[in-house]
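First chain A sits with chain B, and in the next complex the same chain sits with chain C.
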Partner chain A sequence: MTQLALLRSTLLRRKARTVFTLLSILVAFVLYGYLSAIDLAFSLGVDVSGVDRLIVQNKVSLIQPLPIAYGPRIEQIQGVVSTTHMNWFGGIYQDTKNFFPQFAVQSESFLDMYTEYVVPPEQRTAWAANRTGALVGRKTAERYGFKVGDRIPIQGTFFRKRDGSSTWEFTIDGIYKGDRAGVDETNFIFHYEYLDEASIGGAGLVGWYVVRVDDPERSAAVAKAIDAGFENSPFESRTTTEKAFAQSFANQLGDIGAILRAVMTAVFFTILLVSGNTMAQSVRERTSELGVLKTIGFTDGRILGLVLAESMLLALVGGGAGLALSWLAIKFGGDPTSGFLAVFIFPVRDLVSGFGYVLLLGLAAGAIPSLRARRLTIAEALRRL
Partner chain B sequence: MSATTLVRTRDLHKLFLRGTERIDVLQGIDLDIQQGEFVALMGPSGSGKTTLLNLLGGLDRPTEGTIEIGGERVDSLSSNSLARFRSRHIGFVFQLYNLLPALTAERNVELPLLLTSLGRAERRSHVAAALELVGLVDRARHYPRQLSGGQEQRVGIARAIINDPTLLLCDEPTGDLDRKSGDEILDLLTALNREQGKTVIMVTHDPVAADRASRTLHLDKGILRGRSAT
Partner chain C sequence: MQELANALSRYALVTWTSVSTIPQRLGSSLAAAFGVAGVVTVLVAVLSIAEGFQAALAGTGSNKTAIVMRGGSDTEMSSILSMDDTKIIVDGPGVRRDVNGPIASAELFVVVDIPKKSTGTPANVTLRGVQPAAISIRRDMRIVAGRGFEPGKNEIIVGVGAARQFAGLAVGSRLNWGGAEWAVVGHFDSGGSVWESEAWCDASILQPLFLRGSTFQSVYLSLESADAFDELKDSLTSDPRVDVMVLRESDYFAEQSEILHLLITGLGFLVAGLMAVGAVFGAVNTMYSAVAARTREIATLRAIGFGGGPVLVAILFESSLLALAGGVVGGIGAWAGFNGYQATTLNWASFSQVTFAFRVTPGLVLAGLALALVVGLLGGLWPAIRAVRLPVATALREL
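And then the complex of A and B:
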């Protein structure tokens, strides 16, 4: 028999209690995994935003446009390497519940700016040559069964065509994938020229500019220079880093991160009480046994270690299984909203933090019971038969 | 101390405070027990028998006085040294056996060996020998709940002798057994004393059990009153 076998046998002494405690811990860490994935999804790619990219939008709000003529002027500013522009389309595919983001982009520069979008070369060439062509992200393509060559009608909600119709037809020319985890694979991208030429009004206006700078450390100075160039014009600008832009966009939904952290704090606190109670009960029930172990020569320190190890083992088995289960479920089960969330992964850093929380839980739940067990005098323990 | 004296106490006191009440459980015990003796410790309830046994076994500390076991002052050892001393030199047998219910008989017996540097095979061999000695080889894989009281006590004795201690301290080892099982346990303790040379100190209320001892000590209100040799 080893010390581990001794631990296992004491944990299995009350099988039902141990199993229920393990299940509580497991469920808590499955929840942690899903909430981490949802937190990342709602940050809308804040973490994968380019550090060398700035967003120039209308100072009033993102809904207000900027003139297309701003592009060349921005490119003149020192520190700017390249620009591209985008428009939010906001169309509906068949039904309002079928949501995926659609953007009209400056096709020739967009893929150079967003190198994380990987498109096969022949598809990229085909898209560049087709004015009504579109690129669609892998997740959206899988969700709706889109294939290259498909013709997709999308109802414009605020962009109407000059012929009075609100139906915009596109041909899928390519399907892009992210070059790493966390890249949004739900977007539908088409040519700005198609929108600009076919829509009623709004000609020569874009939603926002994306600007690449040569030195991310000089981003603030470049942003200031851009905004200074358009001061006192009918279209004043506000320039931020792409990360700040993504964050402010995510914050429009509320501080999801804070809400999720509050939920997790409540869950972990409850689990700490459950585990701590289990350990306290276990030690209380085994007082005389701990006395016997001390009688036969187990030192106070060894008894403390034994009880603490028992708590750690409980947390590791339950928490480890919970983290593994949530990782597997998220990786292979995918997004439970069937693609509504642009990114749905269990981030590695949160997985590592999860193991840290498991260890903390084991230590915290076992701290008081193990100290009590350590302080227990043999004569007192043996009297409690 | 003579060469064969294993246990010696001098002016041993133990005082308990219950609120403001002072209880002198042991009042100046002077005791010498020779190596290889089988000593019965008798006395009415509350006379201090178990307290004396606990002090001799290093489970508790005296308020005053000295205790020497095999020439070593156990009353001044640190907590960790005392734990190591117990694991090497003393075997304990309890009235209610005090086996760990989640462990089989052989694993209960093996427990003290976890504190040694013995390998798994050696530990198993020691356990088999101890269970053989108490006649329970065929019950090795049984849990305490699957054993009779007498068998549980045999397991308790096997656990007490697994480290080959010099001194066996038994606190009413037959107190929870019927006469037949009690006699079997007493036979076993007698054999350990006579054939293996273990020094045995046994607390008991039972005069029949005390008859097995070579000497009987009587404690009354914390004082050793009379001594009789069997």
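And then the complex of A and C:
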């Protein structure tokens, strides 16, 4: 009881300092939360990519197409379970600033491949039956107020219709959600058949294939076999794991993500250093008081515990509140760029390591002063009076 | 007059006392200044990315060059123009001419994968098929190593930015695309603009290789004057034979930087804003302990007749001074560390890599210093008010 009372009076000794130390720790951990979310956003789904999926693209670049006839040929390769194909549509909804990715896909095989896209069964059936139907991610649906049954016109940029118009009409048949945090919920997916039948030119070409393999360990061998099959043809392929594909994309964003990360990490540790220093300073100021406590019979161990408890308490309250606040802000406030980052969440993994940093801060800030306080001899402490 | 001088000297005296005791509180003062330096560095560094990217794109376009694409296309990549279209386009009014006819280049825009030097993973690099007038249409473009490509040959020239960031683009190297071997024969410079991130070759070589038949994607036109643009635009957009959009080159590229600019400034202000809040708390702590340490002294000053005003000003001055010192350090640090830093990123609008240099402009540094000043004033305000409000008798008793 005395221990708690002492702790209380220590913290209330300079109320303003306690409050501001708490607040700066809080800010550091809010920043940490955003750092984690930005980091994840710039990794472009490397973490959530399927380990058993490969991407087959044109060897020249992703922009160049592949023939639709490649699908059945890929499926015959040993180790391949299933395939699906995708085309980038790149259309504009009302204004170029309203960006969300649109893909033309083969609906059944796409949803079988991307099991992380959860669609209510009746919506899935409705979509399969509607040639001009589309499936849209929860985030994009919320952003533009799309509802099931809405008719959405999208201006084609690459693709024009045979009748000369560039306006493509879609009906929203379903809204998908990710089965876990981190799945991209911004995509707009529609039938390849609609695109292929209605557009001028480019018939029978797809953007890239997604391939499921039976054994992720053998991915490299399967990828090699796929590419070997199309060597020296007008459409040579390059096959990589989905993870490597996402990683090379993240690398393309390149320096920007890395620099933001470096800067924010530096900032986080700077704030920790400054608040740690303030906490240590507050103990130094009380050297003589600690001497008095020792005089009246407090053991070295109790003194150590007292000083350490103080810094731990500050770190836990400030850091805990900071983590909670950033979690709430990220969950409900969304990303600060109003929708350019497809995935903006505070991953649980980083939340856990955040608590690790909180404990570390408490320990580190309290360690030296508390050890010094423990070693302090009464005579020495009282001499400073 | 005498009174005013007295008042001023009182303010100066108290402020000088306050500032001259900073060395006694060096540790916590440095911590506060350090915090502000961090804020300013971050703000300036992050915004210099956006500034640099924008400068690279904005510096690309000339308002005396027009770019023509198919109507409804938002970028060159999604555009397609037939040979007949391009013939009508280059004959439009206001296009500058020389002995060979209109100064124009019909171009193809494709993306090829080239490994990035820093990561070894493939990156999207623009391969542009151009016609002979292309170089003279671009501002400030010149070959700085090797030579230009010969028409009809599988030869490419590469921008200095691309050569710096991507592997295997030295003059004399050979590359393989679509079953054909290409030789890199030269490097070009264009004053830091987007072209430097690209590789160029003869359009007529690219057409069959990328199965484009006789089509092109854009036409670049040199205009007789900047004012000739409207006439050309009106004429081409009302021509029933073609369906095109006509843009000033400068507008086209400036618009491409918008998304990334919004992204970076959004993140930059978020991070710097949060940090500024943290720095205010740090400054409050520092000034609060500064005031606490000098409670006696301040009370004595007030007991012998100095008013609250000089004390308030002195404390605000001290905190602003610390913050500004931090701001200057941060600004210099950001400039030294980031100005001119060569980077590359994906330009979403063209789905290809753009190399650019970070730009720490005087405007950014001033914005950083302004933020530092705000942090300093806010950080000093509360401790200052507290120092003035504390009853003299209570303060003296704290001895």
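We take it that the second predicted complex is superposed on the first by the 365 of 385 C-alpha atoms of A that agree within 3 Å, B and C clash if a C-alpha of one lies under 4 Å from a C-alpha of the other, contacts with A are read in each partner's own complex, and residues count from 1 in each chain.
In the analysis below, a residue touches a chain if its C-beta (ideal position, glycine included) is under 8 Å from a C-beta of that chain, and two chains touch if they have at least 3 such contacts.
Everything quoted here is computed from the prediction, not taken from an experiment.
By the document's definition of touching, neither partner reaches A:S107: not chain B, not chain C.
Judged by the touch definition given at the top, the superposed model places A:L382 against chain B, while chain C stays out of reach. Of the two partner chains, neither chain B nor chain C is touched by A:S219. Judged by the touch definition given at the top, the superposed model places A:T157 against chain C, while chain B stays out of reach. Using the contact criterion defined above for the overlaid structures, shared-chain residue A:S370 touches neither chain B nor chain C, since it reaches no partner. In the overlay built on the shared chain, the residue A:S311 is in contact with neither chain B nor chain C. Partner contacting the larger number of chain A residues, of chain B and chain C: C. Judged by the touch definition given at the top, the superposed model places A:Y34 against chain C, while chain B stays out of reach. Of the two partner chains placed by the overlay, only chain B lies in contact with A:Q3; chain C stays clear of it. Legend: residue contacts after superposition of the two complexes on their common chain; A:I259 is shown touching chain C, with no touch to chain B.
Once the two complexes are overlaid on chain A, none of the chain A residues touched by chain B in the first is touched by chain C in the second. By the touch criterion given at the top, residues 14, 16-17, 20-21, 23-24, 27-28, 30-31, 34, 38, 59-64, 90, 92, 96-97, 99, 155-158, 160, 166, 232, 234, 236, 238, 244, 247-249, 251-256, 259-260, 263-264, 266-267, 270-271, 274-275, 277-278, 281, 336-338, 340-341 of chain A touch chain C in their complex.
Residue ranges of chain B in contact with chain A, taken from their complex: 54, 57, 59-60, 79-80, 83-84, 86-88, 92, 94, 96, 98, 100-103, 107, 110-112, 114-115, 123, 159.
Listed in rising order, the residues of chain A touching chain B in the complex are 1-3, 5-6, 9-10, 12-13, 288-289, 291-301, 377-379, 382, 385. Interface residues of chain C facing chain A in the complex, by the touch rule stated above, are 27-28, 31, 34-35, 38, 41-42, 45-46, 49, 71-75, 77-78, 110-113, 116, 118-119, 121-124, 177-179, 210-211, 255, 258-259, 262-264, 266-267, 269-271, 274-275, 277-278, 281-282, 284-285, 288-289, 292, 343-346, 348, 351, 353, 382.
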